[in-house]
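Think of it as A, B, C and D in the order they're written, each chain with its own count starting at 1.
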Amino acid sequence: MSLQVISIILGSLTIASALMVILSKHPVRSVIYLVVTFFFITSMYIMMNAQFLAIVNMIVYAGAIMVLFLFVLMLLNLNKEVEPVTNRGAQISALIAGGSLFLVLISALKETLILGQNYRTQDSSIGLVKELGNLLFSKYIVAFEITSILFIAAMVGAILLAKREKQIIE
Amino acid sequence: MQAANSIGTSLDFFLFVAFALFTIGAIGAMTRKNMIVLLMCIELMLNAVNLLLVTFSTYYGSGDAQIFVFFTMVVAAAEATVGLSIIIMAYRNLKSIDIDMFNQLKN
Amino acid sequence: MAKDLTLILILALPLIGFVINGTIGKKLPKVLVGGLATSVVFVAFLLALTLFNGLNGVQIVRLFEILNYDQITINASFQIDALSVWMTLIITGIGSLIHLFSMGYMSHDPGYHKFFTYLNLFIFSMLLLVLGSNYFVLFFGWEGVGMCSYLLIGFHYNDLQKGKANSLAARKAFIMNRIGDAGLLLGLFMLLGQFGTLEFQKIGTALIANPALQGGAMLLITLCLFIAATGKSAQIPLFTWLPDAMAGPTPVSALIHAATMVTAGIYLTVRSNFLFELAPFTKEIILYIGLATTLVAAFMALRQNDIKKVLAYSTVSQLGLMFVALGFGAYTVALFHVTTHAFFKALLFLGSGSVIHGMHEEQDIRKMGGLAKLMPITHFTFLIGTMAIAGIPFLSGFYSKDEILAQALHHNPAVYAILVVAVTMTAIYMFRLYFLTFHGAFRGGDALRAKVHESGLSMTLPIIVLAFLSVFGGLLNLPGLFFHGAAHWFDHYLSAGTFGLSEVHNAHLDFNTSIGLMIFASIIALGVLFWALRNYAKKGALAKADDQMSAWETLSAKKLYIDEIYDLLFVQPLLKMSAFISNVFDIQILRNGVYALANGVVNTAAQTRKWQNGLLSSYLFWMVLGIILFVSYYILKISVWH
Amino acid sequence: MALIILLPLAFSLLAWFLPSSITRIVGLISSFATLTWSVMQLLSFDPENTLYFDLGLRMVRFSMDSLGFTMVLLTNAVIFLIFLANFQRSIVHDKRFTALTLLMQFGLVGIFTSNSILGFYIFWELTLLPVFLILFWFGAFEKQKALLQFFLYTLLGSLAMLLSVIGLMHLTNQQSYEALLAADLNQLGNTGIWLMGGFLLAFAIKIPLFPFHTWQAETYTKAPTAGTMLLSALMLKMALFGLIKWVLPIFAGTALDFWRWPIIVLGLIGIIYGAVIAIKQQDLKTLFAYASLSHLGLIAAGIMLGDNATTKTAMLQIVNHSIVALGLFLAAGIVEQRLKTRDLSALGGIAKIAPRFAFWFAVLTFISLSVPFTAGFIGEFFLLKSLFSAHALTGVLASTTLILGAVYMLRAYQDTMFGPTQISTFADLHWSEISVFAILTIAAIYLGLSPQCLTEFVGHSLVQLKP
């Protein structure tokens, strides 16, 4: 019972903070709210006993990526009100589109087979670090190694892109 | 199981939250013009999908989906770094981060 | 010498002349070029004489197979019989005389070697035409002579004043001939369809074996062949090219457009006599077309002022006369007239050539007169030619014409009456031509008069030979009332040695009618002679200027406006249609239609391109819309499935 | 035998890497080498047996029969003549032209020797590339509209053919020539008709047949002379070859019966339509283009009759048309090169200044008029005969080509060469041009006197069509 209440509260808070991400005018606030949203999502992972992902989400997403965002915002000195304005028509059409998307997704949900399944009845050991580690380093080892190449590429790309043009010429 | 009981304890609640997050992300991406916020909205949508994957992973009792989420995060991290550096570049050239300024490929 | 070898030599000699003159003729001296061209034709004539001597029956010489087509074998094979040898004799005999004449006539022409090249090629094609043992070889030669005719009519295409007109005349001749050729082609297709062969003899024997074939098919075939004949032999409606063809050098007019090529249509009809005999309706048509042609052309000749034009219309008229004979089924009579006509018309043309040469390219008889003293040989021979064609008794034309008139009287007195009119007109315009040219005072001015001279030996010699032939040519086929033993030699010769002709018998009138006819014809000819003598020579009546003519004279001088009518009826509509189709249909509708399609695609692309507006939010919007549609589709699918 | 295909490709690559200064010699020598090689092969070739060979490709095999060999010889000869004819023009100093023309030769030889329908299609498309580039680089396409039209047209045809090729391979599960011949397509019913329609559309555009011809005149006029020669003397023949070798034997039966008369009627319309339009054209090349439409309509109609005797004479006429097209477009090119115009009203009197050109142009004019002693005389006679026996009216209408052909060809010739002249200088023929004209004339006369050698040779590989 208490879990049910907790999950409802968590869910509403997640949605609320996500809404704040897109509603707040100031980009820095958006980032903060996004970090909050990620916290809530992490807690949901914990509820489903996906411990490894919860930790990764916490560290990588909320910690590293979001800080990167903040960093860039600071770097560009955008923390004042230079936010471009959107016109009303686009907002309304986006709202309608988003709303109908939501409705469609919900109606799709009605057809899913897992309706009413309790997550606690499931085997809860799969989200543990050990289990995932086994899987990662056996079945997905190639993909895992390739991610490192992706990271190098991303790193090189980021450096190259962010460098000033003068420096490229030199 | 009772419907009242199911809210919150059943897996489809997480699905509901994931859909909501995805929709919010999509609306944000459509309405906001700030490129950084746009990128954030995309991150939000990615996270919604991650949540969905974890939910199904729990349901099926298989870890593969969680591995996939892990890879998604990897890609998201890479994407964020590259995306942000592109934004920096763009800002340097155009002195703006309005996404609608970046339509010069049109012609 | 074996006959087939002789035949091959006859064919090969002009070809050799053609090749040598065509390749290295430019570098050879003129005498050699002309001499070679003349001698090959002359040797061919001598060889043809040996063939003529040893003629017995029909002999086929097969050279090689041209094409084996769907069980139909087309051979390059040749036929030696009375008809083909006779035509060969005419072609090579008169041909060599005219070659000789040309050596003098063309001596100042820069295209001397070219001229003889073409002439030899013409002789070769013409020999193919008459010697072929099947319609294919005939068609080969038929087209070949058309081509040579084109080349020779337009020979002086570079002439400053007349170059354009010359080449236009050549084109007209070629196209009109092509219309006839198309007819011949269709006729041959039908023959192939009916008999599966084009060999004259095989078709003939098949017809004898199976007389049921007559009727509709024969009618169509013979009509097509006759269309071909009208094209080549200048009959109504395809006759207007022949007067224009006088643009060519005079020896060409003599050889091609009087003596040989234009008689190809008659040759074709005689050769196909077994077909025409089965199609009486076609013979009727031939008769009336020939009749109309002879009358119309004779009328047009009355008021022509160009010496060659008069002769040209006279040729058309005489050809019409031959077709009248063919229409009566009197093939040998027609061929007899072909022969005598070849003599005297070649003579007349060469005579006029001599006059033109002496007058320094002046052709208008209004500028001539009194040439009798200046050019005595030309004058004398021309007089013989004129008398021969006018039918003065005991010259060659008298006999051949008389035969045709006799046939007409026998079959249809009305035709006879019309022919008498035509013959009278012939005598009138010929004597008018003669007297205006050779008698009276010289009208070309003193400067020209001083330059007028008699032609050299190479030109006068052929004329003299032809004059002899014109006088005595009639002896070939004397009517029954003279020299009974030798009478109708030509009839017998041809009938015996030509396929199909032995079946056909000419009508023979009884003695009194024959002699009556002859006397009547003589009276007409002599009457006209004396009238013309009085009118043109004594009274000095001149050709009038254009604006003083009476209505009928204008009509004659303007050739009944036939050219203009054809222009209005056929040429202009074709040109208009061409312009219309090309500008309106092809460009406006088809090409622009394609462009419109292309523009439609481009416009659609331009419209769709606007969706690609470069705004990320709109892309997202469409993406979301896509997701919605996608998911709803699956939802609907599942719920329907449930 | 494989060298016959590979030589042009090798020479084409070679031409890219050799310097431009010697490229015209390279083109001439390499095309001559290929020609010589194919003639040498001909000596040891048995026309009654098909020769199979492959280049190690699994999907595309090759075979050489007498029909294909004729076309290969024609191709090699024409390519050589094109190099020779353009020997003193600027275009041959560009190595792109040399390489592309040789590549074109490679594609054409591939088409004529391919033993699989897929190979036929691939090479068909391959030939498009060099032609497009030649037209694009060397043509006078002001707005590229004509080029675009040509390209869209051919691509549309190619698309239709691709669909048909896929359909054919899918439905019969075969792709080699022999297997496709053995396959019974009658049971496909309407599908067979559609499949054949796809091929026919592609061919009708390339030949071109009546309503699909609008690209032709424009492309011909805008293309460089060498490009026009390639197009008219070779490109069009691909389609006729495809008709003879592939489409007719494979689709004989219901599909052929369905399409026969529509195509013959289109051909007939083309004969008269092209000839009538040609009468009033002012541009020499346009005039010849429409004349070509007229001539090819006759050939296509004859081929569609589908009996081997006619097809043999159609082959004769195909070769003859190549001769005529090469000669006439060369003449038009000579006029254009010397005087910078092709407008008949601006021309005239050339004969006086350039007698040799006048002579050879006249000879070619007569060859195109199918006078006796030329191949066209025999070819036209028998094609018309076949059409006449198939249906009398067809023959009668087609025979008008005899008359109308004389009208427009003589007009073209006389307006160019005769009459008053405004032209003061006109360089007479170069030795290379004379030799081209002479070779063409000799070929036409040789075939005119003994057409048997060609028709018999081709006849060996023509299959009896299924009823």
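Quick note on the criterion: a residue touches a chain if its C-beta (ideal position, glycine included) is under 8 Å from a C-beta of that chain, and two chains touch if they have at least 3 such contacts.
Because the structure is predicted, anything quoted here is derived from the model rather than measured.
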Remotest chain, subunit D as reference, centres from CA atoms: A
Computed distance of Cα centres, subunit B from subunit A, in Å: 5
Between subunit A and subunit D, centroid-to-centroid distance (C-alpha), Å: 66
Rounded Å distance, subunit A centre to subunit C centre (Cα mean): 100
Distance between chain centroids, defined by C-alpha means - subunit B, subunit C (Å): 95
Junction residues of subunit C, two or more chains touched: 617, 621, 624
Junction residues of subunit D - those touching two or more other chains: none
Multi-partner residues of subunit A (each touching 2 or more other chains): 86, 90, 93-94, 97-98, 101, 105
Complete list of chain pairs which touch one another: A-B, A-C, B-C, C-D
Residue numbers on subunit A that touch subunit B, as the complex places them: 3-8, 11, 14-15, 18-19, 21-22, 27, 30-31, 34, 37-38, 41, 44-45, 48-50, 52-53, 56-57, 60-61, 64-65, 68-69, 72-73, 75-76, 78, 83-86, 90-91, 93-95, 97-99, 101-102, 105-106, 109, 112, 114-120, 122-124, 126-127, 131-132, 135-136, 139-140, 143, 147, 150-151, 153-155, 157-159, 161-162, 164
Residue numbers on subunit C that touch subunit B, as the complex places them: 612-617, 620-621, 624
Subunit C-touching residues of subunit A, taken from the complex the two chains share: 86, 90, 93-94, 97-98, 100-101, 104-105, 107-108, 111
Subunit C contact footprint on subunit D (complex, rising order): 145, 148-149, 152-153, 211, 213-215, 218, 273, 276-281, 307, 309-310, 312-313, 351-352, 366, 369, 371-373, 377-378, 381-382, 384-385, 388-389, 395-396, 399-400, 402-403, 406-407, 410-411, 414, 417-420, 450-452, 455-456
Residues on subunit B engaged by subunit C in the complex (per definition of touch): 26, 29-31, 33, 38, 99-100, 102-106
